[in-house]
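My questions all concern the structure below.
Per-chain residue numbering starts at 1, and chain names A, B and C are given in the order in which the chains are listed.
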Amino acid sequence: MTHIDVVALLAVAQYLVFGSMVGQARGKYGVQAPAVTGHEMFERTYRVQMNTLEMLVAFLPALYLAARYWPTVYVAGAGVVYLIGRVLYARAYLTKPDSRGLGFLLSMAPVTALLLAALVGALMGRSGAPA
Amino acid sequence: MTHIDVVALLAVAQYLVFGSMVGQARGKYGVQAPAVTGHEMFERTYRVQMNTLEMLVAFLPALYLAARYWPTVYVAGAGVVYLIGRVLYARAYLTKPDSRGLGFLLSMAPVTALLLAALVGALMGRSGAPA
Amino acid sequence: MTHIDVVALLAVAQYLVFGSMVGQARGKYGVQAPAVTGHEMFERTYRVQMNTLEMLVAFLPALYLAARYWPTVYVAGAGVVYLIGRVLYARAYLTKPDSRGLGFLLSMAPVTALLLAALVGALMGRSGAPA
């Protein structure tokens, strides 16, 4: 499951990068801890991190559980779409929040697909696919 | 561990449903991104998602680690209690926030029990229970 | 991987303790749900929980994936540093928010190290180290 691990680790790394952007935005836009509001650009940066956190918590279990029942190539492929979707989402949110729909869709769709695939696999009691 | 997988996947799906309710509440109550405040009902919906996120992050590892040391039937049973607790919590929070205690308890108790069971199992170096 | 399980479970337990502190702070500082602002001390307590949630979501996968490729003693050791870092972070944030840097560093550094170690391991296709 090395390919799955690489996708999972890139998703975590991407999320940590978004997190570090929030730290930088605190200084740049003068938002003192513990506040998480007060400047539109800080709030957008924070929402990118939070929304990615919200997705990651679903993405990682869906990824590994789907990989338990389906071929790695499809599962890892869905993971790559998720990674790209998150980049588009972050870029859109920081420049024009109303345009973040596509990036959201491109990350939510693979999460939903992986979740449903894993659920079907678990309910059918499929044996693990070759890694 | 198929039963554990099904419980885990239902917990993730439930959480995603709560998340989609937040998206709908944005439109319904006119709370523009990146704001997460401004309308009581939006905030309640958002808190249901966030609190479920907060629980899920503890529930999933506790579920799988408990399943490594204890019989599946008990572990999956605790997971089902968690799922029901979350439904009660969401329903209560959206109608009468002060009444969310029972739902909270019914989701926090299985998380705590699974965590302690897993910790006891890991510390005693128990071998895995039959799945 | 019992040692890794113990570290992971302690991290989850620590996070739940921070969460229970938020519940207590609601009453103590009179912040009614669904609000998460309104009193500096409540907000600090909430940020400790949230920041720990943000870290935990990266820590747990990084811990287990690093343990798949590297010796348990180093991986568990990094995990212990994380646990100590979180205690320092919480204590600093609640008393003097500006001094939370060291605790943050001591929890972020092991997360980053585990993530990079896991990524190197996965990319090199290392076989699992003895547990």
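Throughout what follows, a contact is a pair of C-beta atoms (placed from the backbone, for glycine too) under 8 Å apart; a residue touches a chain by one contact, two chains touch by 3 or more.
A quick note: this is a predicted structure, and the numbers were derived from the prediction, not measured.
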| item | value |
| --- | --- |
| C-alpha-based rotation, chain A on chain B, 0 to 180 degrees, nearest 5 | 120 |
| Proportion of interface numbers common to chain A and chain C (over half same, under half different) | different |
| Chain A and chain C, separation of their C-alpha mean positions in angstrom | 19 |
| Multi-chain contact sites of chain C, meaning residues that touch two or more partners | 37, 53, 57 |
| In the complex with chain A, residue positions of chain C that touch it | 37, 40, 43-44, 46-47, 53-54, 57-58, 61-62, 65, 68, 93, 97, 100, 111-112, 115, 118-119, 122-123, 125 |
| Touching residues on chain B, where the partner in the complex is chain A | 2, 5-6, 8-10, 12-13, 15-16, 19, 32-37, 49, 53, 56-57, 60 |
